[in-house]
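Okay, so subunit A shows up in both of these, paired with subunit B first and subunit C after.
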Partner chain A sequence: MIELKNVRKIYPGTTLPAVDEVSLFIEKGKVCIFVGPSGCGKTTILKMLNRLIEPTTGRIFINGDNIMDVDPDQLRRGIGYVIQQIGLLPHRTIEQNVEIVPRLLKWPEDRIKKRVVELLEIVGLDPKETAWKYPYQLSGGQMQRAGVARALASDPPIMLMDEPFGAVDPIIREHLQDEFLKLQQEVKKTICFVTHDINEALKMGDYLVVLESGKIVQKGSPLEVLSSPANDFVRRLLGDDRGVKLLDLTRIESLMIGEKSLPHNSEKCRCFIDVVKPVKMALEIMMKNNTDIVGVRRGEEVIGTLSWAEIKQHISKLSGDQ
Partner chain B sequence: MKGLLLTKLFPLHNVSEKKIACLPIWHYNQKIRIRCTAFGLNEGGFNIAVFQFVFDNIERITEYTANHFSLVLTVLFFSLIIWLAVGLVISKYDRFASSVIALANIIFIIPSISLFGLFVTIPQLGLGRKSAALALILYAMMPLVRSVYRGVKSTDKSVIEAGRGMGMSAMQVLFQIQIPMAWPVVFAGIRITVVLITGMATIATFIGERNLGRLIHHGITRGNAEMIVAGAVIVSLISLFLDFIMGKIEKKVTSPGLKRNINFR
Partner chain C sequence: MMNFEIDFFVEAMLDRAPLYIIEHFQLVLIPLAIALVIAYPAGVLLTRPKFSRYTEKVMSIFNAGQTIPPLAVIAVFFPFLGLGYGPAVVALSIYALLPIARNTLAGISSVPYEIREAARGMGMTEWQIFKEVEMPLSFPVVMSGIKTSAVLTAGTAALAALVGGRGMGAVIFAGINFFRMELILAGTLYIGIIALVMDRLLSFLENLLTPIHMK
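Up next is the complex of A and B:
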């Protein structure tokens, strides 16, 4: 896990802190999203986690170790890093790009080769087709996949992602987001993710950190942030359609009734939906099939149920707050 | 016949004016003109005279060419070692960059003949190879140092950030990212340098180098066109040859990923 204690960053030549007294605890295996307008300090926070930027005051701990006590290069080799511009080395093939961190860690040759094939398959690139290509021969979406593969190469427990899907078009972005969520279900990394797109933040995050001029305005699950925005700034950031967003962007996971409900409920289910889909999709299926309960699946396995009652309760809770 | 007549009537610079007035005739004319020019060359015996001169003086010309070539290679060898290293150092330690590049510029604007002359007056250098080589090495500073500095500095920031973010040390970033990505720019500088040195080496004849410059110099003082042409052509051939070799090396060294225009595979 990652812990920030009173972290503050003042860039040389400026008086206003870019990051001001930020304290945060990020649990292992969760996706934590830093969201806010440009210049709110979200990228600065991210870069402080792998010491590309060092805090002026405050301490950062990763798995209990103060990162200032660790050699920065060693630290970074253990943290996956994906940036918006991707930063693939243009003079190296995709294979050589993905190999970078394992080579820095001096893995044996055969292990590296095996890992590259495995990684390209994980991110949905055909190893035979892409491994030998140079970055300029790939499309934007493929490049971003290669970037993710590269960051995953040494199987780091922590990933830092700085607007990773910012540079691709909306259709590809949505596709990559869905795949990312699916992938995260399998790999369960601790992920810090920076975005200025609130919809992306609500869709991807287990945990949101809303920032405004270097300060944390609100932190909490997407559900918490959506249903009870801390102030006008957060309300503006979320937009006026919070109710719809809630259904569109709340993952079934967060509303479903887990395994306890299965024995007596699962027989009632006539239709099923994947756990990472938004609640709106469940609603759609309920309406189409004229039922008020759907089974929730992860892969092939049924892991819970979601009923109209839960959704309604959820909506009324939200409108009650409004 | 009519064409020949026209060329005689209109000297060469008039032909281009004619082309607007009557295109077909100009076209016809143009063909004739080229034939006539070629004819004129042979007839005047100019071409033949140059070859004749080369054959008659083959020993002297071989010696001059060999001297020229070896001077250029020596200079190239030392300048690459020195200036590529200096270029790397200033791109690493930015605070020296502007003064080193300014120095290179200043050296470059000194008229070459005066710099050659200046070194001759230094007792340890004197007439001949040492002074010539030193002056040429100094002239190579500007294109080489600048191209290395620019090449390394122009590396895409996001690629460097990705490298740092993956845990490459500053040295690894330099050798695995910045230098490989700088090759196209660096080679442009190297190829300019090669042509520059080969041409400039001719001036070294005035400080006692027995090279192709001597052929040109004597040609001028004796009003002997064949000598000048023979010298100039051989100098150009050396330039072209070295440039060709450098091009081959560039192709070997530069990653295909950086040659976006070339369709490989």
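Up next is the complex of A and C:
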């Protein structure tokens, strides 16, 4: 659990605060995304959490301890840190890079070796293929995986990630995001994640913190932010296709017409979709099959229908202010 | 006009000049070692945030050391240190400082910011960052500074003979005093060879110490 109380950072030689009176509570095991344009203070906030930058005023607590009372090097060894440029040491092999924090923590040799193999497998790198290679011998995506493995090495409860997928191409990025979400299901870390990409934020976050000029303009779940943006800035950040984005986050469950209407509707359905899928998928299927109604299944059983009219109604209701 | 006798040249090359080879190597290696011990830590310290504001001042002092002709350096120290081996070594050490300090500074500054930041973010102490990140990554640049210094010193060390510091310079100055072209040529050739040997020796050492992928 991480708590920020009235945190403010004014860089020497400037008058405007880079981070202004930020108070925040991040629950254990959640992914909290800091999103906003360049210079909004998101990276500064992240770096204050492991004391790479120290706040001018305000306090930061991690698991109830004020981080200013902890030795910075010890603090950092207990927090995973991934940056966009990855920062793998170019003169060390992937194995040696991943080992860094366990070595700093003076783990016994056999435990370190076992952990490296385990970690490389977790992030989807073949230990036999990659452990002995140098960073320059890896592709961008592989390097980023190695960076994540290195940050996970000592199994820290908290991870800080600064645009970790920013430097890879869109296809690899999507793939890494999906893998990251899967991984997070298993490891349940408390993750602070910085991005300027609103789509990435909506996809990855349990919780969004939208920043503008060092101030929090809105915080809430992706659904909350999408369905009721706090102001024009947030609305602009979300883009003109807010309604469609919303459909990506809304599950069919919440929209479909239940079992009562099933008998009279289901004959008309030519295609079916699983109830946990997002509404956007249902829309895709409707367009592909040139129909305006899909049957909804849970497992093998048909439990209801979803029609184009219902989706339309939902969009216009939620984004009436657009 | 000086005359040139091939027999005497052969004698100079084979019997006279070789006597000074070891002395000349000493006149290169000892000042080089002293310069390294001073210039490397100085170069490193100058990259620390605490001292970075002195960087220019110290570098200009080092630069000044380089613009003074070696002869003048020897002349300046002569009244204090007198004649002989000691003053020659002091003057040559000062002369060897700059390339090492400059390349140390450049080498360490060239370590990418994000690599240092990542190392710090993982909880490495400043000393660990220096030892495990900055030192190995700046090594090739520092090494080329040392090589430059070595070759430079091999040449300037000839002037040591002027203040009684001996070395291969003694052969050359003897040739000048006695109008013997053979001695001048022999001494000059040997200095060239010594410079080459120093360069090759250091390159070999560098190869030995550089990890495979950085070559």
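Observations, loosely collected:
We adopt the following convention: the second predicted complex is superposed on the first by the 250 of 322 C-alpha atoms of A that agree within 3 Å, B and C clash if a C-alpha of one lies under 4 Å from a C-alpha of the other, contacts with A are read in each partner's own complex, and residues count from 1 in each chain.
In the analysis below, a residue touches a chain if its C-beta (ideal position, glycine included) is under 8 Å from a C-beta of that chain, and two chains touch if they have at least 3 such contacts.
Source: prediction; values computed, not measured.
Placing subunit B and subunit C on a common subunit A by superposition gives a clash between them.
Shared-chain residue A:195: touches no atom of subunit B or subunit C.
By the touch criterion defined above, A:218 lies against neither subunit B nor subunit C after alignment on the C-alpha atoms of chain A. In the superposition on chain A, A:83 makes contact with both subunit B and subunit C.
By the touch criterion defined above, A:136 lies against subunit B and subunit C together after alignment on the C-alpha atoms of chain A. When the two complexes are laid over each other on chain A, subunit A has residues 50, 52, 72-78, 81, 83, 85-91, 100-101, 104, 134, 136, 150, 160 in contact with both subunit B and subunit C.
Residues 156, 158-169, 172, 176-177, 180-181, 254-258, 260 of subunit B touch subunit A in their complex.
In the complex of the two chains, the subunit C residues touching subunit A come out as 112, 114-115, 117-125, 128, 132-133, 136-137, 211, 213-214.
Across the complex, subunit C is touched by residues 50, 52, 72-78, 81, 83, 85-91, 100-101, 104, 134, 136-137, 150, 160 of subunit A.
Interface residues of subunit A facing subunit B in the complex, by the touch rule stated above, are 50, 52, 72-78, 81, 83, 85-93, 100-101, 104, 134-136, 147, 150-151, 160.
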